[in-house]
Amino acid sequence: MAEFLNLSEAVQRNLHDGDTVAFEGFTHLIPHAAGHEAIRQGLKNLTLLRMTPDIIYDQMIGMGMAKKVIFSYAGNPGVGLLRRMRDAIEHQHPRAIETVEHSHSAMAQAYEAGASGLPLAVFRGYKGAELARVNPEIRSITCPFTGEELAAIPAHRPDVTFIHAQKASARGDVLIEGIIGVQKEAALSARRVVVTVEEVIADFDGKHPNLCMLPHWTIDAIAVVPGGAHPSYTQGYYARDNAAYLEWDRISADRDLFAAWMKANVLDATPEIFASRVEALR
Amino acid sequence: MAEFLNLSEAVQRNLHDGDTVAFEGFTHLIPHAAGHEAIRQGLKNLTLLRMTPDIIYDQMIGMGMAKKVIFSYAGNPGVGLLRRMRDAIEHQHPRAIETVEHSHSAMAQAYEAGASGLPLAVFRGYKGAELARVNPEIRSITCPFTGEELAAIPAHRPDVTFIHAQKASARGDVLIEGIIGVQKEAALSARRVVVTVEEVIADFDGKHPNLCMLPHWTIDAIAVVPGGAHPSYTQGYYARDNAAYLEWDRISADRDLFAAWMKANVLDATPEIFASRVEALR
Amino acid sequence: MTDFTPNEMMTIAAARALSNDDVCFVGIGAPSAACNVARLTHAPGITLIYESGTIGTAPDVLPLSIGDGELCETALCTVSVPEMFRYWLMGGRISVGFLGAAQLDRFGNINTTVIGDYHHPKVRLPGGGGAPEIATSCREIFITLKQAPRAMVEKIDFFTSFGHGEGGDHRRRLGITTKGPTLLITDLAIWRPDAETKEFTVTSLHRGVTREMVTESCGWSPRFADRIDETPEPTESELGTLRDLQARTAAAHQGKRS
Amino acid sequence: MTDFTPNEMMTIAAARALSNDDVCFVGIGAPSAACNVARLTHAPGITLIYESGTIGTAPDVLPLSIGDGELCETALCTVSVPEMFRYWLMGGRISVGFLGAAQLDRFGNINTTVIGDYHHPKVRLPGGGGAPEIATSCREIFITLKQAPRAMVEKIDFFTSFGHGEGGDHRRRLGITTKGPTLLITDLAIWRPDAETKEFTVTSLHRGVTREMVTESCGWSPRFADRIDETPEPTESELGTLRDLQARTAAAHQGKRS
């Protein structure tokens, strides 16, 4: 049953050292405020699950919180590389991380299988692709009807999933609109679900019946954090801060600059600051 | 590419003797007008695919058009049995039909697998259920990660799928709203797709981005048939004709009464009559 | 209180078994009435799901079919049927699933498929629909049934959905992790599975019902618990809610056509 | 006509290869520009799909990421990412998929994963994203690449996505039923796979480009077709459309922040 909490309590109650955690959002609705709160709380030895680790995981990896990253595209979308993640993989700085690499199709279908309560995802994929050689979690099954060999990978079952959404109802139902990505599947595949939202409204009466919703009883905690997706965006509220993504390429290129930036903008900050960060983008 | 045709031409061009065909719609949006047109054209040896054969297949089976029925619930929803289908199974009247029986979960997932281009659906199902004994298409695969045995069935790949929807755009995109059932999957799993709609509007500009749509390039033919779902219903246009479902129990109970009813209401009728049938239900 | 029918008692007893936090996979008929009476009386927060894809629905009248428009119009949201079976049922999110039966045995195994041989049936029944997976995916199963010797039989003709099989730990031996049938509510009594054998055992008789009545209308020789309660009779509010609901329903389903 | 850059020629040549009936799986960068120039010039009916789930999108400015809001706002509809990969890509509905490359070999095999050993990389690149399945699910693959010896190599360090493997019928031998790479468009030339060997062969040189320039900027010794065309230079309308699009894009992506 969804409980409305402040962000720090929502993270404290639901995310623990050693957890497998997904902070999902496909370019749109990336839960950065929740990620920063996790960084402030100094979580350790996390297994980070996400299609595109993006800035949100580049920051956690740079802060040494990750022991393992399961992903499918380690880039800064539209900009280039993830330099903190590269530093961890190439130079074990600030610590070595284990990586489990998939394709987008595989990651999306592993969430879908997890949401369906299945132990694996079966799909046509990885044909001729070398990931199948270096990732032991990529196996195969044979179709008993056609004899075709299909790819098989374990379903994603994170301990906890964090997502950001436009609205919650007073009862705690959540509405996700626009580019909905894998958030519904990431939430339904997880043991615990925490959602940050832009705002709370009385109810969803009058909404179209076929929208992407998560009923209150599928959610553990909801925290209201206006601007909580910045520098990602929230359709209908504020635009993507493309300049910040470009700027990250510079900040993340230097270890000391990164550390200073994290102290000033994350460690010494609070969730309330996100509202001000999106003012110019509304 | 979607072409706007009259119903008789749309059926003529896309449905042929011996085809495997799905007329889908989950209680809502059942394409009865298209079914009646197929009956008038006297199609033969069809393999009928549908979760609940319902009145629409009871009529085709009673007219001797089906050689095989693949289904998961042979009832008249909320009323009782399908008497023409029973007569065919119990007394081979008017002809013997082969039946392949699944659960709802299996049928829905077989359409989903077909839409995904997969040869099979893999799911947790049929445990302890005797259908697995009498239906040779129900097999199993073993999860390479957990060792769990999961059910496996062939994906549905109909030659043609017929559905009814609320609206088409001038370009031929189709919008399905309300209880969307398995129609999107039934359409995307088929080689050819025919859609009957209540009306055509200029475009779908301003519609919510996350609605259930079929792009024009996934559809072969669209026929405008107001009331085309009757006695099923179309959300936003007219209500379900519950009285007609109750009446069908009486009509279908007697072979001669059935034949007379079909002549008067189907063989001697045209698609235009559906508009008048729903007038009292608007 | 005023008089009531055995069917009303059955429906109200089923409604009482539901709680505010339950997420129910609802079938048509008695289950639908029971779930909505629960929602309109002691369990306003209950979540009702129909396999047509409607989640959190609150119909003002009972649907004639599981796909009536009323269900969609009053739901939180409506998802596709493949999603319903994958994310919601197979995903293990349903706490209570309701099943009815044409034939039921003492272990809660159900037949709604055929009377006689499957390939040459004496009577071809509608079949299982969602039942095979409802029976194994929901955390527990409630069964409602009007007692009759041909409905409650020693041996069912076909295993449409699995209850406790041959009893004992048969579910676990098949790798089924859910509880299965935990409650049978008939027009005469309330039955619960024996902790060990899993055989349905009468634990409560409705007002005015004798052990003999139960025995005569049951195709196997029923077991009775050491201590048997009398089912509390329907309250004014329960009975009023049920009858109003059925009156609204009757009116709605007639009214639709001139 | 007025002058143009090699990159402009590459983008416009790619746009010309698209038709009104194509359904394109679009990547960021050159492919996105090419697809939208096609849409704004000779192929107004083309369907553009981005893996963020946006179907039939018509952005007024080029997205910086595949998930920009503009893509959703101008799309026919936006589906979930699992649906995008299952129903739309794996379902075989995409006619043309665009891929770029960090390393490309003569058979259209692509590496965007690592330079050096996978487990101890010299450079860790972003990785494949959707490429492994795009390369095998789309009916055909177009590759755009700026020529350079370190980009067009004899042997790629990692098979991120499969082109024609070792050439010939290697795809068929792996049970892949789609055509794979049918077109390589660089800043210098247009290449097509040889009918037999499937090795990319230069079929057209852009204006002012010599065989030597192509050879010097290619890490393998390139094959040239018997008859080599000169790529028609960009028309006023093509170049104007591309430059307007890029100007609007630059303005939009700056303007967003004070």
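Before moving on, here are some points about what is shown:
Each chain carries a letter (A, B, C and D) given by its place in the written order, and its residues are counted from 1.
In this section, a contact is a pair of C-beta atoms (placed from the backbone, for glycine too) under 8 Å apart; a residue touches a chain by one contact, two chains touch by 3 or more.
Only a predicted model underlies this, so the values are computations on that prediction, with no experimental measurement involved.
Chain centres here are means of the Cα atoms, and by that rule the chain farthest away from subunit C is D. In terms of C-beta pairs in contact, A-D outnumbers the other of A-D and B-D.
With centres set at the average Cα position, the gap from subunit B to subunit C is 28 Å. Centre to centre, using the average C-alpha position, subunit C and subunit D are separated by 57 Å. Per-chain Cα centroids separate subunit B from subunit D by 40 Å. Counting partner chains per residue, subunit C shows two or more touched chains at residues 72-73, 78-79, 86, 90, 137. Residue positions of subunit A touching 2 or more other chains: 112, 116-118, 123-124, 148, 178, 180, 184-185, 209-212. In this structure, the chains touch in the following pairs: A-B, A-C, A-D, B-C, B-D.
Against subunit B, in their complex, subunit A makes its touches with residues 116-120, 122-124, 137, 139-146, 148, 150, 152, 154, 177-178, 180, 208-212. If you check the complex, the residues on subunit B that touch subunit D are 1, 112, 115-118, 173, 184-185, 188, 204, 207, 209-211, 213, 215, 217-218. Put simply, subunit C touches subunit B in their complex at residues 28, 51-54, 63-69, 71-73, 78-82, 84-86, 89-90, 113, 118-119, 121-133, 135-137, 158-162, 165, 170-171, 174-176, 253-254, 256-258. Interface residues of subunit C facing subunit A in the complex, by the touch rule stated above, are 21, 23, 47, 55-56, 72-73, 75-79, 86-87, 90-93, 137.
The touching residues of subunit B, when paired with subunit C in their complex, are 26-28, 51-52, 71-75, 77-79, 81-82, 85-86, 89-90, 101, 103-105, 108-109, 111-112, 123-131, 134, 148-149, 178-182, 184-185, 212, 233, 235, 239-245, 280-281.
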